[in-house]
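The next part holds the structures, each set out as structure tokens.
Next, two complexes with subunit A in common: one pairs it with subunit B, the other with subunit C.
Let's turn to the complex of A and B:
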């Protein structure tokens, strides 16, 4: 690959790369430690089971070494950018799935050298991370699955193909028509072939079945955690979000076990009535652009450390709750039916705003309404990073619906930067103040 | 002699089946074993099969049965088709065999499926009107109500038999078309087909019919149910004004909990799309047989419900366990 002319990437001297990587890595380590320290401080009665997730959350820690070791023993690592990538197939081929979207603020500035600053910072940051070889999982992956959801993701795959094989998976924009499903299923079959070719393992019926069962168990544990958040806050939203995020790179079986253990502990806490924060804290839901560990943690931090303090009880983020909410439902355990089930689970159940449908993507509204009712949400923060068109454009519609049921919604736009934390704090606290006032009435 | 022993065995089967059904019902409701509804359904179907065998030993019951079958749907919709019909059981067993062979079913195109569903009303009308037409063409000498009724119901085109066609058990207590030893074998509709034909065709046509339905239901789940005139007669009642509340037993969908994941559409054995497409509220399609496969497979808690009147008796749960056996 190296001898080839790079399509997008610019030449940077090895020395500069080295310097940048070391400095960003050092900052990132500090940020991660600080985030975890603050999470520990905010949460009274923080569950002990969270220690495991704190450890896995260290991007340059144990898990990186584990994947490294697995790679040396012959396993392949397959990265993916959007959650539409069929994890079950990767698992069935005995490879390790990792999500490689980047949440580093500093690298988004580097990405500016290649793409304009108007581009969504998630994309820019991922490009920047690749430029200096920062992200351990992106570096370790043997191939990337790039699902062409939004414009940014489409080009991101192209840019990253300067370094690694990238398998583009075109996704239909209308999600509930028969031809879309056929199209998507063909795409899945292509990727299946590519995964088999890369790993050298054939995806057999039995293997795929056990992979599906593995993710179903993970979904079960995940749903159990979400259900625990329905009542009085027994876990802070940030902690739960961290648990969900670690799924993106952790070993799935182990993640499931640890999450079940966490749920056991939380259930015990519910029995003893040990709540994570004051019961008067307004219950907030976040929807919008994905928030990715470690740097892009400022909104949850602001909400849960604000004065008055709020608590995140639910979200509609593809980096958190949407990762695992929908299981693969297989009717008959034949290869064809499993493929259909996987296809439908990723395409039809998704609420990503990159879609439209016959009824105009009403699924997302239903999801939010359901969360508000079941999780007893008192206010919604609509979080958008600059450049994320699909989420920004759907705001008006969501606001109209939420106004109809008298739930305040606040549009918060920001960037991948630490500079606006001060003014964001004012905005978030004003919103929380308003929610508290509403509850008092 | 064999028939008597068989009869006794079947009697025990009914008892055993009902007991198991009862236990399973308690298990499902108490322990939340939602994915086991299919097993419960098989047990009830088997019990119903045995029960029908008994009922057929009393010829007088047939008319009452027909009335019962036509009245039940007002309250229970097409519950009969999904849970009691013997022909349905045969097709389900063929499906089980197919699953064991790891062969995938085929789906009919949605438009053809809808066409077949409308065709069954035509079939029903033909079977109901033909005797009347025949009677008008060839009037009876005396106009006694009993004779007219007998001519209409039991004449050359016996609508009663046609509607009771799918209920015929494989072993019948009367002189069936196939006798091995002392046991009379039959198959749904076969005796009616024999009734209309003669000579060599009386052998060929039933064989063709059996082969077609067996192969058809091997490829396509519940193939006959898609255009079964009996099913249409069960469904027809809630097409009328004033019967919109019927059937009292129905599926209900909570729109907000639905993510349109499409599982309900894929698992439906008669390819009902309404459960998936409908916005929410009462599912008022006559295509649904209330087999509850969609409710048991729906992974969203409380999204699909089986309601009787306004009361929920069974709802979808957060199953997330591997479905049936391999």
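Let's turn to the complex of A and C:
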């Protein structure tokens, strides 16, 4: 690859790369420590089991070393940007899956050297992280699965292919038609072959079954956690979001055990009526652009540290609850059936706004309505970063639907920056004030 | 910009700082005396209420230090009343600097306070409030009690705000208090400037002046663009009558008239604040003082 002319990336001196990486890394360490400290302070009865997730949230810590060691022993690492990448196949080939989207604000400014500022900051920031070799998981990836969902993701894979083998997985924009399912299944088979070629491991029936069972157990733990958020707040939303998000890079079996242990502790707290915050705190749900640790923790922080305080009880984010909510449902453990089940789990269950149908993206609307009802949501924050077209455009429809059931929704647009926190605080707090009965004369 | 002002020794952007006391009212120790302090990015306002009735207020520029500005504004509202800080039973801070109001018992956003304040100034028929502050604009919907039902806020940008107007007053050398009247003095309304970004609009304005446009015409084009931007925000939140404008720009007749034309609806008239009426620029502080009274009473009950 080195001898080839780069398609997008510019030449930066090794000295500049190192200086930038060190400075962004230092800021990031500070931000991570501060976020965790604030989360500890906010929750009245923070579960002890959170300590594990606090540790695994360190992007330059134990998990990086673990993956490094696994690589040295011959394992391959496969990165992905969108959660349509078939994790079960990666696991079945004895490789390590990691999601590599960037939540670093500072690197989005570096990405501006390659693409214009109008581009979604999640994309610009991931490009910037690659430019300075910041993200351990992106750096450790031997190949990347790039699912062609939104425009930004489509081009991101293309840009990253300046550095790594990138396997593009096209996705049909309409889910429920026979040709879409065939098209998607063909794509899965292609990726299966690519994974096998890279790892040198054949994805056998037995191995795939065991991988599916592994993610099924993870889904079970994941669902148990989200179900615990239906009642009085026993865990702060930020804590739950951190647990959900660490699934993107942690060892899946260990993550499952730790999440089950957390749920055991939470159930005990429910019995003892030890709540995480005041029962008067308005119950908020967020939906929209993914929010990625560590920098893009701005909105959850403003909600849960707001005056008045709110609590995030649910979300519809591909960086959190959408990750694992749907299990792979297998009827017969044949190779064919398992591939069908994987295909359906990733395609049919997705509520990503890249999809449409004759009724629009109804799956997303149903998810949101269901969450509002079952999680007793009192208000929705519709979160969009500038440049995120699909989410921005779907707002109009979601607002109409929510107006129809008398649930307040607030459109919050922002950027990968720390500078607008003051202004965002006013917006978020005014929305929370609106939701609470405290501001009543 | 301020360099120019200093050189010529005239600060066109400087608006009037003042305070008012309704001397026909008297306070007694047993009264519930509350205050609202609204520290905005450009102006700091404080209002004092006796049993939920406005007694006095002060309006001044915000300095570089929010706590200091809050204290000065409150001191000014108390000046000549005999009141001291200790006499105030409860204080609510609001505005951009609300978390930096040291004497406040509680902070509430200016969005809730402006709706409440507008309800007090104009009465329960108010349903839509446009608050044009120094740094941002907010379109607020409320119910008959002044409680917010929905709102929208412009993004982080000075376009269409009081700060933008100050920049233009300075550029065109027109005193800020005359800017509305002057913008309406053109015979025919020019097309709005195409860019609402303050920095770019300034460049565009300089270009228009060079092209031979009168400064009145340039001002009209800029004011028009600002009014369009504000009207769009109101349309997006949904306009329901009665409609009022609060914040510093409620005093800009050029803005008010143009918004009325664009939306095809009359605002409820601005009280005559120069004489005995309430000042819509103080609406946020008034709302904060009302919340302060309610919170004080709630606290007493507990």
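Heads up, the rule we're going with is that the second predicted complex is superposed on the first by the 436 of 441 C-alpha atoms of A that agree within 3 Å, B and C clash if a C-alpha of one lies under 4 Å from a C-alpha of the other, contacts with A are read in each partner's own complex, and residues count from 1 in each chain.
Keep in mind that, in the parts below, a contact is a pair of C-beta atoms (placed from the backbone, for glycine too) under 8 Å apart; a residue touches a chain by one contact, two chains touch by 3 or more.
Just so it is clear, the model here is predicted, and its values are computed rather than measured.
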Checklist entry - Superposed on subunit A, are subunit B and subunit C clashing or fitting side by side? => result fit
Next on the checklist: Quick one: is A:349 in contact with subunit B, with subunit C, with both, or with neither? Answer first, second, both or neither.
Outcome noted: first
Next on the checklist: Tell me the contact category for A:366 with respect to subunit B and subunit C: first, second, both or neither.
Outcome noted: first
Next on the checklist: Quick check for you: in the superposed arrangement, does A:330 touch first (subunit B), second (subunit C), both or neither?
Outcome noted: first
Item to check | Which of subunit B and subunit C A:433 touches, first, second, both or neither | outcome: second
Item to check | Touching partner for A:253 - first (subunit B), second (subunit C), both, neither | outcome: neither
Checklist entry - Does subunit B (first) or subunit C (second) touch A:413, or do both, or does neither? => result second
Checklist entry - Once the two structures are placed together by chain A, how many degrees is the angle at subunit A between subunit B and subunit C, based on Cα centres and rounded to a multiple of 10? => result 120
Checklist entry - Which holds for A:307: it touches subunit B only (first), subunit C only (second), both, or neither? => result second
Checklist entry - Upon superposition of the two complexes, what minimum C-alpha distance (Å) separates subunit B from subunit C? => result 26
Item to check | Contact residues of subunit A, present in both the subunit B and the subunit C interface | outcome: none
Item to check | Complex interface listing, subunit A residues touching subunit B | outcome: 175-176, 178, 205, 209, 213, 216-217, 219-220, 223, 227, 325-327, 329-337, 340-341, 344-345, 348-349, 351, 357, 363, 366-367, 369-370, 373
Checklist entry - Mind pulling up the subunit C residues that touch subunit A in the complex? => result 96, 106-112, 116, 136, 145-153, 155-156, 290-291, 294
Next on the checklist: Quick check: in the complex, which residue numbers of subunit A touch subunit C?
Outcome noted: 307, 408, 410-411, 413, 419-420, 422-423, 426-427, 429-431, 433-434, 439-441
Item to check | In the complex, subunit B residues that touch subunit A | outcome: 99, 102-105, 110, 255-263, 266-267, 293, 297-299, 318, 320-323, 326
